[in-house]
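The structure that follows is given in the form of structure tokens.
Chain IDs A, B, C, D and E follow the sequence of writing; residue 1 opens each chain.
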Amino acid sequence: MTLLKLEHVTKRFAGLVAVNDVSFSVDKGEIVGIIGPNGAGKTTLFHTISGYHVADEGVIEYKRKNIRGLKPEIICEHGIARTFQIVQPFGNLTLLENVIVGAFNRHKKYSEAKAVAMEMLEFVGMKKRADVRMKDLTFPEQKKVELARALATEPELLFLDEIMSGLNPTEVQEMIEIIKEIRDRGITIMFIEHLMAAVMSLSERIIVMHHGEVLAIGKPEEVKENPAVIEAYLGGAV
Amino acid sequence: MSLWLFIQSLIDGLLMGGIYSIMAIGLTLIFGVMGIINFAQGALMMLGMYVTYWAFTLAGIDPYLSLPLSAIALFILGALIQKGVLERVMDAPDHNILLITFGIMMIIENTALVLFSPDFRSITVPWLSETIKMGDYVVSKPKLIAFFISMSVALLLYWFLQKSYLGKAIRGTANNKIGAALVGIKSKRINYITFGLGAAIAAIAGSLMTPIISISPSIGHTFILKTFVVVVLGGLGNVLGAFVGGLIIGVSEALAGAAFSGTLNELVIYVIFVLILIFRPKGIFGGGS
Amino acid sequence: GESKDNFRETDSQQDEATEETSGSEQVDVIKIGSLHPLTGPQASEGQEMRDAIQLAIDEVNENGGIKSLGGAKVELIDSDSENNPEKGIAEVQTMANAGVVGIIGPYTTAVALAATQEAERIGVPFIVDVGSADAITERGFKYTFRIQPPASKFPEAFLKYVPQLNEEYGVELKTVINAHEDSDFGTGMANVLKENAAAAGLEVLDTLPHPFDTADLSSDVNKIKAQNPDIVSATTYLNDGQLLVETLIGANVKPKAIIGMASGAFSNAKFIREQTDINQYIMDVNYAMNPNSELTEEVKKKYEEKYNKGLGPNAAISYTAAKVLLDAIERAGSTDRDKIREAIAETRLTDHILAQEEIVFDETGQNVNAQPVVNQIIDGRSYVVMPEPYKERDAVYPLP
Amino acid sequence: MLKVENLQSGYGQIQVLRDVSLEVKEGEIVSLLGANGAGKTTTLRTISGLIKAWSGTVKFNDVLITNEPPDFIVRRGLIQVPEGRQLFTDMTVLENLELGAYTPSARKNLKKNLEYCFELFPILKERIKQPVGTMSGGQQQMVAIARGLMSEPKLLILDEPSIGLSPLLTEQVFDTIKEISKTGISILLVEQNVEQALSFSDRGYVLENGSIVLEGTSDELLANEDLRKAYLGM
Amino acid sequence: MKKKWVLIGLLLVFLFTFPLYSTNYLLHIGIITLMFAFASQAWNIISGYSGQFSFGHAAFFGVGAYTSTVLLVEYNVNPWIGMFIGAIIAAAIAFVLGFLTFRYKLKGAYFSLTTLAFAEILRVFVKNTDFFRKTMGIMIPLDINPFWYQFQTRVGYYYTILILTIIITVIVYLISRSRLGFNLIAIRENEDAAQSLGVRTFKNKMIAITLSGGLTAFAGTFYAQYLLFVKPETVFASDISVSILMPAIVGGVGTVAGPIVGSFIVTPLGELTSQMFSNLAGTNLIAYGVIIIIIILFMPEGVVGRYHDWVNRRKKGNKETQEQKESVTS
């Protein structure tokens, strides 16, 4: 079943086309990786889908409903959650309180929200530090809490923007497991990442962006071999 | 409204606007660039007025000659305030800084009250007291001078902030303190300079106004609210915006004063303010939404 | 109605405080309170008034204190109202607890309303020196007295005197524009002026309010210029009044007369003395000191010597208020607040410095004979030019 | 060149570093490795004077710089490209780079260094007028590195410079680091890209819970079983 | 936790029995303190919790004071009822203000200054409107009867404002633990992040400002009834706005106890300094300014924030030493 569908989506910033005529769709239960050079428009694409930017052109459908132009909070209520490439913590709140905010998306009662939040913190392995203030964490740690926070909103579709940056290979491995488990809980995932190891092992499909356009879509192996992708993005690596 | 009334009001409004501008320029530096909501700005201006007043009364120094004196004196005081107090709260939330500057205002004002007594004082400078008459229209000399100095200060400060290394360092420090430290900026010193400059400009405003109005320790109150309005109207930290914002407020106040009865002209400036902000939430030069 | 009798609190604390001072008549010091704005924009006037009260007290002390109380000395407890009603209430309380037998104050209406109400609750006599709203003495309070004439008296006097001036000097100045500060003080007078002008044969072309701390009056002056009235009348404080005159001159506006109504500038000693290049022939309908009394000269001199500033009419009123209170204490021969209140109510003071008949209070507590006179500034001095018997010299009317 | 001895520091009451000692010699590339939250960034911040050392010493070119203000340290040529980038986001790319060359010595070579940075990251030249805050994450990282280079470092400290960079650019940045190092500039590098980092470092230290638990040449470290397990996931 | 409730209980006992052993003067100070505690608590909702810093709460205070007074004087409406009508009108005005500002995403200083401008607009409007008797103000006729919100002695006023303050504190406490409260704090801390978590920022801010404005009006009515007159320059003054925000900042913004604790510091402090420095006018305000600055320098998170910090640190300290012990043994 198609969960998310983009048709000819374009987003411009004064003279610069950051996302250019992008079309693709994502099925329920998939894990889709997005890669592309810096400034290719990946984050802008996430922002556009999740309502932080309004697409200048094109159609964005989620569960057959047009969500283009809706506000981020409404899109979240529809079931799309996200994390940020540049972390957006509630710095003065504790980790628990950070996640409770997310949990309140589906739960009205404090006690319920708190229970959900605790569960999510435990899930990402941060429960121990539930009472620490968010601003006292390192960036990778904050990203984990952001993940817990996003999960606490109980989404069906989850966007992760470079959630593994700053993790060492072992930690990346752990994160990969966590993401797989999220998928196993029935949540569809789109993620942006520059760590090829992670991208290759997680993605069922990969979308490659370049200059705001989709350069290639396909299975990891196909994409890896694509000369255009190698030229623009991978270089000699991997 | 007759044509005469319209044009005369326009002239008066522009000139008064120049005064609001010069007040706002100092504030926009402190408020917009450093992020300090400085309630004490009016009190600093008041001190500038007293410097000019005493220089004139005790030593017969012309107000425009004592202008550098009051600027330097207040620069030093501003830097000391930054060093003594504000430096310690630069990272604190805005509302704390706000209350601190409120406290500073009380201290300065009441110290002036104790030292100088609450009496209203004014100076009469012979060569300034004649107005310039052009037919039926009159132009106040000290206001005209204030207008041009205000404009020059705006342009100079704009150039300084945008083009000079020190100016960039000031903006950089305001934008990211850690970043500034990591490129070798002495951010503490930069902050002394910035706050000092803001205070010095307040002093210039005060000196320019001394021939125009009577001074007393609480004179700052007359201007502070309007000055805040002008700063926001021009866009925080935008020096040219502050200048233009001052003119807008001055002119609209004068025209509304001519058109309406009562003190509704005060209403008009606030309504204009709210309207402008609604359509240009970052001030007139801040780029609309 | 009957509720008013209930208004006084029967607070044990309060009674104790009173008893302390009233129990025996062997007292060493008698305290009286002053409540004025000593900080903020009104501080200049407030401090002048406080100083005048101190002067009156010093005089009594130098002359052997309160004789009926065995020469007890009088002490001033002064307090800062910050021109804030709540603060006024608190200060009345503090002073009452400190044992004052009467309070003098407070300059602005807002504080006057709150403070007199508090004094009424406690039962401590409160003499309003300056505080203009008619309402202050219209609430049926027993402990409130007022020296200055109520606000409505000024425009009434204005409307009486101007036709007289017209007649005496054979001119027809008919049209008036009234520029006034926009608190109840100026607005109240402007209203009365507007309402009653026609009956006096005058026409009010416009009334132009401004905030007392304004920095610019060019709008108002432009409007005056555009309408060209015979008379510019003004109710102002000091700095706005001065600004008004400066702006009028700067804009080359030449009315045939500038006449203040209780102007804080045109009767201000400093303005009169120092602003000679702009103040020539400006008139003011205001309460004033009696120029023909030697006592006035003496008090003025003492005040000047002691405080190095001129005695203005506000301070003169405060001085008089203190005199009234001290006189009442002397006659009461007691520090009992009620007895003093009664003594104040029975005041008949002829030996005073104001330009008015004997000081007598009516049943509302208003000094009934309080009356404004017409002053005119001539060559750096203010003269009473109307009415008899206070008149010092002829007016220069209209402006040459 | 840089000598850190028995450094202790932390945030508020919480101690992070416990007796950290390390050394970077003239012209060396040294890697500082460690898990998330081990204290790498804290070490670098303490060296640069951004947070106070509780005890211990930092010497740079034989000058004691412990607890000197950051600008003092920067003026001596110890430059850091920090975690979180710490850019002047409201200012343009060009202004950021100009401020990079704030110290008098760096200011002299502003033009030349600017050219060098633009050569390295051509996109920055295209975007000199763009406010940095509106740039993509990777682009911002480029500005951060470029700003560091503008300062004419003698010792360049890089806290995870490859964060957010595409593989191609990561490669390029590592090449640049090698190149810089060849011009005689010493490098202290924190990287999660452990294998790659060690491949061109001379030596490395491993930090765990605020203490150095392992040190050695890159080859030694790469051969270390524990390290491979802990950081390379194998 | 338990300790906290004992503390609150003791405080309540103290507050309720206060009139028994206080003087009239202290009672007056107590009343003013509670009144600003109340208003500051209301301010706390929009400015403390959701971080939208209002400089203009005098607007709502003034509307409360004027509404009940005009209704009483002109239409003989009982102030107890007028108080609620005042709150509704203030809430409506707050709603409009919120709509104009939040709809167009005004934030930070831009929002603060707009609120200030709004208060000024109301002040200038009232002082130019005949219906409100311009600057003459309106006197409330004396009619001492609790039914008409006038009390024989201060004690009645004291209990009225005490109960109002307790009610608003309970309301704020409930908000702080509710979804609304978390949403507001999230907005304060990071609006983008809040949105990503489904927090309807506009709606929540609208609720907060409406509630805050409406509640502030109760303090206004109280003030009018206590002084028995209203004037534009006393109830719409920017001084009132400052008096409203000061307790919360000194006590700790965004905390339930902050505004109360803050008011019990700020108001009596003003009195204390003016008693102690009564010799030379102005020195009292200098002292006051100095003390306020010192408090903020040393307790940047407010007195309550400071207390929390201290408690947390103790807890954490204990835990930490425990952990260290454990790690040593293992």
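List of remarks:
By our rule, a residue touches a chain if its C-beta (ideal position, glycine included) is under 8 Å from a C-beta of that chain, and two chains touch if they have at least 3 such contacts.
All of these numbers come straight from a predicted model, not from anything done at the bench.
Number of steps on the shortest path from chain C to chain D, with steps defined by chain touch: 2. Ranked by C-beta contact pairs, the top pair of chains is B-E.
In this assembly, A is the chain whose CA centroid lies farthest from the centroid of chain B. The chain with its Cα centre farthest from the Cα centre of chain D is C. Between the Cα centres of chain B and chain C there is a gap of 36 Å.
Rounded to whole angstrom, the centroid-to-centroid distance between chain B and chain E, based on C-alpha atoms, equals 31 Å.
With centres set at the average Cα position, the gap from chain A to chain B is 48 Å. Rounded to a whole number, the gap between the C-alpha centres of chain A and chain D is 28 angstrom. For chain E, residues touching at least two other chains, in rising order: 127, 281-282, 285, 316.
Among the residues of chain A, none is in touch with two or more other chains. For chain C, residues touching at least two other chains, in rising order: 38-39, 43, 47, 182, 209. Residues 47, 53, 100-101, 104-106, 108-110, 112-114, 116-118, 120-121, 124-125, 127-128, 238, 242, 245-246, 249-250, 253, 280-283, 285-286, 288-290, 292-293, 296-297, 300 of chain E are the ones touching chain B in the complex. For chain B in complex with chain C, the touching residues are 2, 4-5, 8-9, 12, 16, 19, 110, 113, 117-120, 122, 124, 129, 131, 133, 138, 140, 209, 212-214, 216-219, 221-223, 253-254, 257-258, 261-263, 265-266. Only residues 48-50, 69-71, 74-75, 79-80, 82, 86-91, 95, 98-100, 102-103, 106-107, 147, 151 of chain D touch chain B when the two sit together in their complex. By the touch criterion given at the top, residues 13, 35-40, 42-44, 85-86, 136-141, 162, 165-173, 194, 196, 232-238 of chain A touch chain D in their complex.
Contacts from chain C toward chain E in the complex involve residues 3-4, 6-7, 9, 11, 13-14, 38-39, 43, 47, 78-80, 84-87, 89-91, 93-94, 96-97, 109-110, 113-114, 117, 122, 133, 135, 139, 182-184, 187-188, 191, 209.
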